[in-house]
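Listed below are the structures to be examined.
Same chain, two partners: chain A is paired with chain B first, then with chain C.
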Partner chain A sequence: MTAVLPLAGRARVGALRGASVSEMVVALLAGLLVVHLALGTLERFRSAQVRLAGRTDALVALRVSRHLLRAELRVGLPGRDWRLADDSLGLRAFRGTALVCPTRPSPDELLVRYAGMRAPDPTKDSLLLVTGRGEVEVRALAGVAATADPCAAAGPGTVGRWRLDREPPPGVVLARLFERGSYHLSGSALRYRRGLSGRQPLTPEVWTLPETAWTRTYEAIGVRLVPGDAGAGAAWSGFLAWTDRP
Partner chain B sequence: MDLRGRPGQAAFTLLEVVLALIVLEIGVLGIAGTLYLASTTLRRAETLERAVARAEGVLDSLGRGAEPGAGRASFSAGEVAWSVGDSGQVEVHATGPTGALLFRVRSILPVR
Partner chain C sequence: MTGDGRPPAPDGRRGAVLVVVVLVMLALTALAHGMLLSAGVELAASSAGARQLERRAGSAGALALTVAAAPAGWMDSVPLWGARSVVTARLGRADGVGTLRRLAREAWLAEASARLDGPGGSGRGAPMGALMWIMDPVARVADLAGVLQVDTGAVVIADGPVDGVGFTRVEPPLTAEACARWAALIDSIVAPFVPSVAWRAVAAGGPRLGLLAFDSLLARVEVPVLGGGSPAPVDRRGACEFAAPWNWGDPDRPTGPCGGHLALRSAAGDLRVEGGVGQGILIVDGDVSFADGARFYGVVVARGALRLEGGAQLTGAALAPGGAVVPAGTSVRGSACWVTRVLAAHRGTIGRAVLLDGAGVGPM
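Moving on, here comes the complex of A and B:
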């Protein structure tokens, strides 16, 4: 009768051959080296990706801040439409223009053809009314309604009925729509406060405070933007607007 | 532990191990190359953004000056140079840190 040994048993039958201690040490060291190199490479990739993402955020924030602030200040008059306080830039931001139609729906209403950056909002907007003689008066916008009434004033835009807080001056031909708000460099971002609402971030939160700040010279204002972890070389100082319009 | 193996036991050959390492290396190099390309592109975008900002500042200043003339100004990653023609035509060009042209803009100064 022939006995059949299990596989494990058969393996033990022959001379047991294992690795020597030195071979095991070399194998372990080689394994550790490979793992170390792999982990190091992964860590470098991860930190490189984080740095790239940070630089991208800083670039986006710089681009948005620069374009936005310059566009807002360009169409306003310093001192009248915008003013730089300690930490904020308060402004009456231009949002659109309305041609006033000759017909008047009611004493405190205007029929207008409006074209602008956004739809008018009675809770936050005010109007600068310009008469045919060049006089200007300010009114608050109390209500807005769409209408199908015809408007003789030709031009782009949509026709609507705007109710004012009080009667407009006679001979008004043009209404400029403004939004009251303020820009702030706070919480590591450029923020905008529209009306009396909260400060909403417009950029990623990348700026270092208080190094990031408004700058003021004799005839111009600017801003110095310093990204948090991008190094001093990534700081940007730039011109925004003249404070004494020639 | 038997690291040397025995006859008839399946194992990787040295050639297979080397091929696997080469494939792994190609993957690692691909990722590194992508990161390098992204970094280079971003650096160029940063330089361009700064040059545009500087050029805008120059054009704003020229539009205000009583008698604008030619000049040059440096920024953190290069230089901006400009020239003004008799009829108010202005040309601004920006160069990067290596002296390569980033952009050239022609405009007309506002009538004062």
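Moving on, here comes the complex of A and C:
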């Protein structure tokens, strides 16, 4: 049986002839446009994320550098405990403080109550011994032992026996634990070198050299940190420590 | 055919654009999520940094106030290794506390830490410290090498008595009550007699009182005197005139208006005391002379020499690098109690802290 289309239906078929092609073209164009916009947005998102990550790294590097260097220099004396050379900042990096208990286990030992950022390590640590009159002497830390001996100096920290390389001066009231180290602005990052070991990066590698450098004025030292990527933020110059204290 | 007469789309292309768009949207969502995460981490890190800075600022404020706090009488009662809270300081959200711990008679460790109020402010943190020298009157007395302390090689002519025997005795016009506060400590750490004269090398800057340099001593004195004069107690309607330059207290009438006034006076050049009576501390940037029966009780710190004449008497101790002349009829008597008493009276000015080993010690 043959279906007979109504007249109006036949007329519509005639009008629709070729419409699917143009619809497809329009659909493809619209699709391309959407994909283009989407890819463009994706690209912008991606670059924004890269910039954000770069800026985050730069901020982290700035924060770490400033905090670390200020904290290290604040507890030292220029000339005696730290010195700025052309390319590095060499210092006694203080890692803890010990109150010297009045009891003396032996002539070359001290009974101390120690508190600090890490445990004492005789392989790398030395002591700056301070007397009640402000005189200081340096000794090497030769050994550390835990003890149950009572210490009259109450407070936080743990009591221990510290053996020195030789007898401490009389009247010692405070022992400051330190390691030798140096800070460097190299390889686009702040690096720390303990003793003669390698330079370990402390921050992300975000700075451009030689613009990033130590700065020195008549009475203070500072640092100028210039991010390598312009989008990672502006350069920062700041004070670190006085070089001429009364 | 579809219902509306359009031919169906080929199977391979059905919804392809939608799939692409959905994939792109997923990628965008992932990137946005990563960015939010990154920003969140950065915010958390910077907030932690800000909290740490706030805590450090609170701690530094408390430490500065502790170091600047004027020494007071309560310090005598703090035993070795004892500690006492001195200040609380509020800076923004940070609540700082400063403590003084005695490490030796004159060595103190100022310690400070801070706690944050509000979110993220758990526990005390950012400990800081400073080692200080604070003058202790009894320790200064114990450190005296002689009643008269002069520079190495200085000439001392003493026909009159210079007496270091009975250094710790309490004799009139001093009463036992006036020294009761330090009596036990003096008996335990001060020798009962000291040499009459001690020759000790003096730095170019002049004699020192412990770690206090002469110039620093001079600068801390608020009331200067010039040239010469005769000290005498001055009171108005029963109230002692402490600021009168030549009112150096009234040792003969301990219960009188100026009986408790222990003067602290300085002279920018030579000083001549002609008669009169006084008690306290004299810082003289030159020679100092006592004449015409002048009597002085306390401490004399002079850059030059000490001369007594005409029956003058000095009770206490003197640091005079330039030497001393004590002719017959005059006398210098050592007294631990007088020295302790006058130094204790002025610990708020000349006893202010001297920082040792830089501005701070740490980490703690």
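Definition applied: the second predicted complex is superposed on the first by the 208 of 246 C-alpha atoms of A that agree within 3 Å, B and C clash if a C-alpha of one lies under 4 Å from a C-alpha of the other, contacts with A are read in each partner's own complex, and residues count from 1 in each chain.
Rule of thumb we're sticking to: a contact is a pair of C-beta atoms (placed from the backbone, for glycine too) under 8 Å apart; a residue touches a chain by one contact, two chains touch by 3 or more.
Since the model is a prediction, treat every value here as computed from it, not as a measurement.
By the touch criterion stated above, A:62 is placed in contact with chain B alone, chain C being left untouched. When both complexes are overlaid on chain A, the residue A:236 reaches chain B alone and has no touch with chain C. After overlaying the two complexes on the shared chain, residue contacts for A:124 are found with neither chain B nor chain C.
Of the two partner chains, neither chain B nor chain C is touched by A:193. Residue by residue along chain A, chain B and chain C are tallied for touches, and C comes out ahead. In the superposed pair of complexes, A:94 makes contact with chain C only, with no contact to chain B. In the superposition on chain A, contact of A:49 is made with both chain B and chain C. In the superposed model, A:163 makes contact with neither chain B nor chain C. Looking at the shared chain after the overlay, A:39 reaches chain C, while chain B stays out of its contact range. Counting contacts as defined above, chain A residues 19, 23, 27, 41, 45, 48-49, 52, 56, 59, 63 meet chain B in one complex and chain C in the other.
Note for the complex: chain A touches chain B at residues 17-19, 23-24, 27, 41, 45, 48-49, 52, 55-56, 59, 62-63, 66, 70, 233-234, 236, 238-239, 242, 246. Contacts from chain A toward chain C in the complex involve residues 12-13, 16, 19-20, 23, 27, 30-31, 34-35, 38-39, 41-42, 45-46, 48-49, 52-53, 56, 59-60, 63, 67, 71, 74-77, 81, 94-97, 99-100, 102, 115-117, 128, 130-134, 136, 152-156, 171, 173-174, 176, 245. Contacts from chain C toward chain A in the complex involve residues 5-7, 16-17, 20-21, 24-25, 27-28, 31-32, 34-35, 38-39, 41-42, 45-46, 49, 52, 80-81, 83, 101, 103-107, 109, 127, 129, 131, 133, 211, 354, 356-364. Interface of chain B with chain A (complex): residues 1-4, 6, 28, 31-32, 35, 38-39, 42, 45-46, 49-50, 53, 56-57, 60-61, 64, 76, 112.
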